[in-house]
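Order as written gives the chain letters A, B, C, D, E, F and G; numbering starts at 1 within each chain.
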Amino acid sequence: MIDILIYITSSLGAIFVLLAAIGILRMPDQYLRISVNTKAATLGVGLLLAAAAIFFLDVSVTTRVIAVIIFILITAPVGAHLIGRTSYFLGNKLWDKSVIDDLKGKYNKSTHELKGDDKDSKEDKSNTEE
Amino acid sequence: MEILLAIMTGILYASGIYMIMRRSLVKLILGIVLLGNGVNLLIFVLGRITKGEPPIIDDSQKVLEGIYADPIPQALILTAIVISFGLQSFAIILVKRAYKVLKTDDLDQLNTTDEDS
Amino acid sequence: MINDIILLPLVVHLFFSIVLMFFWNKVNFQKTFSVCANVIALGVAVYVFMFVYNNGTQTVQSGNWDAPFGITFVGDMLAATLVLLTAISGLAVSIFSTVSVINARLRFGYFSVFHFLLLGLNGAFLTGDIFNLYVWFEIIIISSFVLISIGGEKNQLEGAVKYFALNFFASMIFLTALGVLYGLVGTLNMADISMKIAEVENRTLVEICAVLFLVGFGIKSAIFPLYFWLPASYHTPPSAVSAIFAGLLTKVGVYALIRVFTLIFLDDVFLDNLLIALAIMTIFSGGIGALIQTNIKKVFMYFIICHIGFMIGGLGLFTEVAIAGVIFYLVHDIIIKTNLFLMSGLIYRIKSNFNMKKIGGLYANYPKLSLLMAIPLFSLIGIPPLSGYWPKISLILASFDAQQYWFFGALIFGSLITLVVIAKLWSEVFWKDQPKIEFPKKFLFFDQMKLKDKFLFVFPITFLTFVTLYIGFGAEHIQQLSQRIASELMNNQLYIDAVFKN
Amino acid sequence: MKTLILRSASSYLLPVLLIFSVFILLRGHYLPGGGFVGGLVAAIAFVLDAFANGLKKTKILIKIHPGFLMPLGLLVAFLSGISPMIIADMPIMTGLWAGHPIPVIGAIGTPLFFDIGVYLVVIGASLTIIFTISESA
Amino acid sequence: MLEAVLLGFLFSIFLVFAGRYFRGKLAVLSALIPISLFVYFASFINEVAQGKVILESVEWIPSFGVNLSFTLDGLSLLFALMITGVGSLVFLYTAAYLKNHKYLDRFYGYLSLFMSAMLGLVLSDNLMSMFIFWELTSISSFYLIGFNNDKADSRKSALTALGITGIGGLLFLGGAVLLGDVAGTYRISEMLGMSDSILKSPEYILIVILIFAAAFTKSAQFPFHFWLPGAMKAPTPVSTYLHSATMVKAGVYLLFRMSPVLGGSDFWHHTLIIFGAITMLYSAIHIIFRTDLKGILAYSTISALGILVFLIGIGTQAALIAASVFIIVHALYKASLFLITGIIDHETGTRDITQLSGLKKVLMPVAIAGFIAALISGGVPPSLGFVGKDLIYEATLHFENNAILLTVIAIATNILLFYAGFVAGVKPFFGKLPDKFEKVHMPSPLMWIPPLLMTVGGLIFGIFPGLIETTFAKPIVNALVTDTEDFHLKLWHGFNTILALSATTLVLGTILYFTIKPKHKLEQAISKLDRIAPKNLLFKLSNGFVDFSSLWTSVFQNGYLRHYLSLIVAFLIIAVGFLLFKDFSLNIDLRSLSRVTIYEISILTMLLCSVLYTVFTKSRLAAVASMGVVGLSFSLLFLFYSAPDLAMTQFSVDTLTVILFVLVLYKLPKYLNLSDNKVRIKHGILSLVFGSMITLLILRVLSEPKNTEISEYYAENAYTLAHGKNIVNVILVDFRGIDTMIEISVLIVAALGVFGLLKLRLKSKDKK
Amino acid sequence: MKTKFLSNILLTLIWVFLTGGYEFNNFLFGFVLSFIILWILSNNDNNSEKKYFKIIPKLISFVLFFLWEMIKANIQVAYEVITPPHNMKPGIVSLPLDAKTDLEITLLANLITLTPGTLSLDVSTDRSVLYIHSMYVFDREDFINDIKNGFEKRLLEILR
Amino acid sequence: MNIHDFLYYIILPILSISSLLVFVRFIKGPSIVDRVVALDLLITISIGIIAVYSIINDKPTFLDISLVLALIAFLGTVAFAYYLEKRNKND
């Protein structure tokens, strides 16, 4: 029973990791790659860790596994946020089939302050990135 | 596997030395880091590698028996890593200062002290 | 406690460094404390020396782990002697530093790094463990990196970059050698290695390992063709720093070579000839380097290289007479080179310049100081009966006995060029009239200093000069000591027995 | 960096990382870890805080100057190293052990204090280096 | 005797502190030192004449066999008396000559230092202590020659002299050490009996060469003679004392001393005869072309030294007698002539012989001294010079080989020396007194009495040669020759060949004096040959050497880090490569190796690619990121191979390093590719060769068995004795705790360094 | 709420001491037990204190919801990854925020990042807007409403 | 095929290949952002590898390394972001 659980979790984990890897290789722009990274990999690795927890069936291992998963869940999106906005600063273009860019023109180039959704930028909303 | 590791060590040495020989200050530091890694790997490989048997005594045991990795090279490398870390951080700052004061990245410009003055 | 006497030099210096770090900003406290600390350290060193002298080689098994399982410290006569010399140089430099190094530098941990450096030197001399030796080397080089670059002036940084890169490389080669050695014998205790390496069947690998050690230590001790960092950097920091570097840093490399080649890698014709060949080239290269310099610090610097060759060659001759000569030379060299750079600091303070072409008239204006400085200069040349002369007898004798006439020639060449260059230096700096140059306006000249500060400038030089005179005129004592050390070194079973006696 | 997300995340991560670093430090004698890695993790925790909130705030947070941690740690290590010389007339670095082993940490003895010294030094040194660089960057 | 030797040293040290009292009128008191020493040594004349040898030995550095052993026999007594005697006169003369000189005290200091060194040299029975004094004479003469150190000429001459005598000294040291090694003692008196075995030893030729090198440089033999004319830049008392009477004879003294030990081989005799002959004739000819009085005297001194070497080379008893008498003769007249020249220079301000004439009107007593000196020098009876010259001819005529040739050379030399003596001692005083010298007045008696005393002495000894015979000649011969024949010194031998030769010499000398007048033209004419003079050849050589040194140094020390590193790497490749391929074999037991798995391969691939990427990328940021991958791969490798502690540490350190990099990176320059392709390829090959060498080395070490004693001990005792289960940690904090203590100190120092580097800004006023 | 939590912990500790069992399971049991006891005793408490007992079930349901979203996200990503990327409609959308405190905003942003196709890029300096990158922006308003009614609402319920 | 073999011969190779794929992205870039993301993902995958490896060798200790990785890996990303932003600002 436990073995089967391990087979399943580990297989799923590996598959998601593989998907994340393919994703990061195939996705057409930085933002999409980041997006893929934070999801598939997190889940995949979580599952692999879970497999370990199931295998050892030990409180200390389980707590450690939970700790690792929580850490990943906290840090991965924060990292994604940081690198995502950085990518925008660097002027990395969105994929050319992107439909909307609300962020355009909102960053102050020198202070990196970010404007909220105020009136005078409303009309930009439907503009798509070139 | 040891053969591959030996080749890898050689490559690390080669690339470290090659990088130190460049004229760019930044490459110098990267070379130092690479070379340091190469040396660690050399010690590690020469201490003979063992898979999956860390030199840690089991909870229930009092002595380590059976097959286990030689802990000594590990301890040595650990010490070497820490020391290299100290040296590397110093080197990074040294290079930064040097660049700021000398205003060049070109190591070839740094040859006035060898000349007779 | 009685067993740990040889560790006292380490304990006190580590303690001093810690205390000095706690009083980070108190420059005046640091000055006083460091000088007092060095007086204490000298006392300790004398005590250790006498203890070893009277009671023979001492060992401490740190952690109470029997050799070869822990780190063993071995205080044999050689180590004790070097500890004593370190303490002497250390005291002189620390006094000199209080007035010659500007407060801005002192405020940034100069003294505490200085004590770390002394700690490292003492540790390197006392340890009986090859990896531990590496660690001591690292504390030495990192301290020297800091001392050589602190202040961050232009040429200092230039020198420091090269100094760093090549010394780092040396450490890496040292580690490589260590890895190979461990791979061959599986132990790190030098006495243990000495026994186990004899059992290694593949002698070629042992030779390669020796060559790696030779290069690792050779870079640090500045032998040909590994010395290039030295002329690029030693003259750039303040003179006090150059002094301690000149006196002790390269010598610790020589020490390591002596240790390794008398304890571990023995009786190898290839290695001995290699050492001698390198020594000849070192003497030659260093000598002609000194010949063409006009910066007095650089002249002294090339002499460091040149005279290292004397010692390395003696080591290559590998007879008891030769080793005695090497030890004597080492004793002489540590004191004299420290003093030379202190003197260069004094000259700079008087003339605001290091360039021979731009300074002169010292003899006319400072006759007594000039005579004081003449003694170390003559000792450097080896004018008999001053200190540099005596070891040459042993070295020449040994070179004849080994029929190494090229090395004999190199000895003569090195001595001659030292003579000529120092005479030239004397003629330029001391005899010649002061050329008309513009002196910097914002410069505190020696004449304008307070009497107390002047005294602190001159005292260390005088102190070391007296030590040099003692080495010269008390050559009998030094030679007996050297012979004793040489016989200890040539009979490495003594060392091994001392380590494993418990 | 002016990002709210990082800032608030780091305020929750900091204590976790610190606890974790102490954990790694203490169990080092039994399992992978020890003063050095522990110290590095702690240092990284503060660096993270400095990235998120700015160096000034982090410095206020730490209260003691990291430079002070270095001699302090070294002193701890030094004292635990020489205490056998002074107390027990044993060679330097001889382990002195007290009582029975307790969970996680194991036996209490001078090597533990030594490791704590290492921990403090590593925090102090790493932070000194990184903070100095950030300030002059 | 030790006290006698030390007296001068003590006096010079005393002058360092009390010198200012000796700059004025008290200066003349300094002469008390040599005078008392002269009296002291004179008191031994009787004992020595009776054949006694006085020995005295004080242990100094027995480990080296260096003792202060002094011996007073005929030879050393002669020299000791000469040193102190001429010394006394020179000390007196100086008081007037350098009256009120600012540094008169220093001058006396050097002089007495020199005197002591010289005394020590001639009295030493120990080769090593002799060498010590030998070197001290070089050093003190360096200071004396360079006394007028504000003049570039003086400094240069002092340097040249020191260089030449310095190398001689060092070779002497080599010879002494080797001789001591062969003989088993440094005591010359003990070596005397071992002459035969020394002659047979394989090192004999080397010893002799080294000793010759010492003697020839010190005693200015061709081709090392040129430092001596240069040394005449020194004040006249110095030239008198060092360069005519005493120091230059140290080499001769050494040859004297060594001839019973090392003499007796053809090599010894022929070399000395050849060098002596060349020197005496070569420099004698030079005299004709000189117009500077001191130059003339310098060359005649060299010539005289040549004669002495020549005579020692002949080595017969007759020759040795001739040499010992000639030493006295030369000291008396040459010292006088120098002092006289000094007076002329001092009073007229010139030493140009073409301008000097008729001075006898104003300097009558000096003229008398000059005239007598010329007589002695020319060997005119009844002066001692005549006795000396006869002895020389006697020695050459009775030599076994080439007697005629040697005699002819001797005659030619003597003719020229006759000429020199008269030009220096007579010519300035006769003829018409130029107007400008009308007002020249007599110097202080302190200046003219010494030369007069010496020349008169030369006359007296000439008339009563027996004085010399009993006091010096016989004891010297006793000291040097084993089977002595009886002999007597006489002024008059009756009519024989030698008398004829003497007469010829005098006649031809006189003719020469009246036909050849010193002219600047001649001097200029000869100067065209200067190009091939040994001096200039040597200067060219030394300039060439300096150029070579610059070249060598700039090739090796060219300021480029990469160059330094590639030299070091090349050295490693050669040395290690040589050993590696000396007996190349690679027998790895493949079964002992661990299996290759896909995860290891993929990590290695990643590691490899990231390393290569780091090396070849053009973006430094990418390189830093790539270093992150390298670190990660390392962590995984460590993990795979059972090193969890390492994996953790590597990863945390790596993260910190990346942070560090990133913090400073934008303060760093762009990542330029500065080297050109050729250099890159060169370095690439060098690095690759080195890397492959490391690989081979690893493989070879891996095929050796490994000793696991220590790790087994740890495995057994880590818990039971050290209370820890993570053995790596136990090693770090317990087994090898000291390593860790120092390692954290390294970190601290690095941190202090970083702090200092970044925070410390030297303001301009701080920069010293 | 805090006081309740603290009393809960305190009771747990008392339980642990009493039983003398220091294992994890005993802690967990003690915690649940004291939670129930406190809940039983909570009738007289004011509203804010009562919230403590509602929050646990809500938290559990939120976690389940989140896990579901996450699995959905991954399946979606899996699909995108293995098929050609033609049917994506990515874009950056500004989401007006109701969440106010740092914790609220951060949690929301992170959760959004972890769930289907979305990535929180940044929060405006005045905290009024969250900029989200999404793989599928078929309709801007629907997209915004989905998030506001889904994640934000549930999250704020728990946190407030 | 037991769990050990399954993990050893199937899961680990998949994970290894995944890392290589990610590494391809790392090399390809093109932007530094891609590299940072790739590095981050590599570390995440490594955590998985460690988990599997600890099962294979029956060494729960190895999980501690994954703990360290999880905790501080993200610092690298933070640092790069910090750098890029600062550089961008200064331009």
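The rule is simple: a residue touches a chain if its C-beta (ideal position, glycine included) is under 8 Å from a C-beta of that chain, and two chains touch if they have at least 3 such contacts.
Please read all numbers here as calculations on a predicted model, not as lab measurements.
Trainee: What is the minimum number of touch steps required to go from chain A to chain E?
Mentor: 2
Trainee: Look at all chain centres (mean of CA atoms) and spot the one farthest from the centre of chain D.
Mentor: E
Trainee: Between chain pairs A-G and E-G, which one is joined by a greater number of C-beta pairs in contact?
Mentor: Of the two interfaces, A-G and E-G, more C-beta pairs touch across A-G.
Trainee: Report the inter-chain centroid distance for chain C and chain G in whole angstrom, where each centroid is the mean of the CA atoms.
Mentor: Roughly 48 Å separates the two chain centres.
Trainee: So how far apart, in whole Å, are chain F and chain G when each is placed at the average of its C-alpha atoms?
Mentor: So the centre of chain F lies 26 Å away from the centre of chain G.
Trainee: Quick check: what residues of chain C touch more than one other chain, meaning two or more?
Mentor: In chain C, 14, 17, 21, 62-63, 70, 131, 135, 138, 142, 145-146, 149, 152-153, 161-162, 165, 169, 176, 180, 183, 188, 231-232, 292 touch at least two other chains.
Trainee: Do you know which chain F residues sit against two or more other chains?
Mentor: 109-110, 120, 122-123, 125, 127
Trainee: For chain A, which residues are shared contacts with two or more other chains?
Mentor: In chain A, 15, 20, 22, 34, 42, 71, 74-76, 78, 81-82, 85, 112-113 touch at least two other chains.
Trainee: If you look only at chain C, which of its residues touch chain B in the complex?
Mentor: Within the complex, chain C touches chain B at residues 131, 135, 138, 141-142, 145-146, 149, 152-155, 157-162, 164-165, 168-169, 171-172, 175-176, 178-180, 182-183, 188, 231-233, 235-236, 292-295, 298, 354-355.
Trainee: Any idea which chain D residues touch chain A in the complex?
Mentor: Where chain D meets chain A, its residues are 1-3, 5-6, 9, 12-13, 16.
Trainee: Mind pulling up the chain A residues that touch chain F in the complex?
Mentor: 15-16, 19-20, 22-23, 26-29, 31-32, 34-36, 38-40, 42-43, 59, 63, 73-74, 76-78, 80-81, 84-85, 88, 94-95, 97-104, 106, 113-117, 125-126, 128-129
Trainee: Which residues of chain B touch chain E in their complex?
Mentor: For chain B paired with chain E, touching residues are 1-15, 17-30, 33-34, 37-38, 40-42, 44-46, 48-59, 61-65, 68-72, 74-75, 77-79, 81-83, 85-90, 92-97, 99-100, 104-108, 110-115.
Trainee: Quick check on the complex: what are the chain F residues that touch chain A?
Mentor: Chain F reaches chain A through residues 23-25, 70-71, 73-74, 77-78, 80-82, 85-86, 88-94, 96, 109-129, 131, 133, 135, 137, 140.
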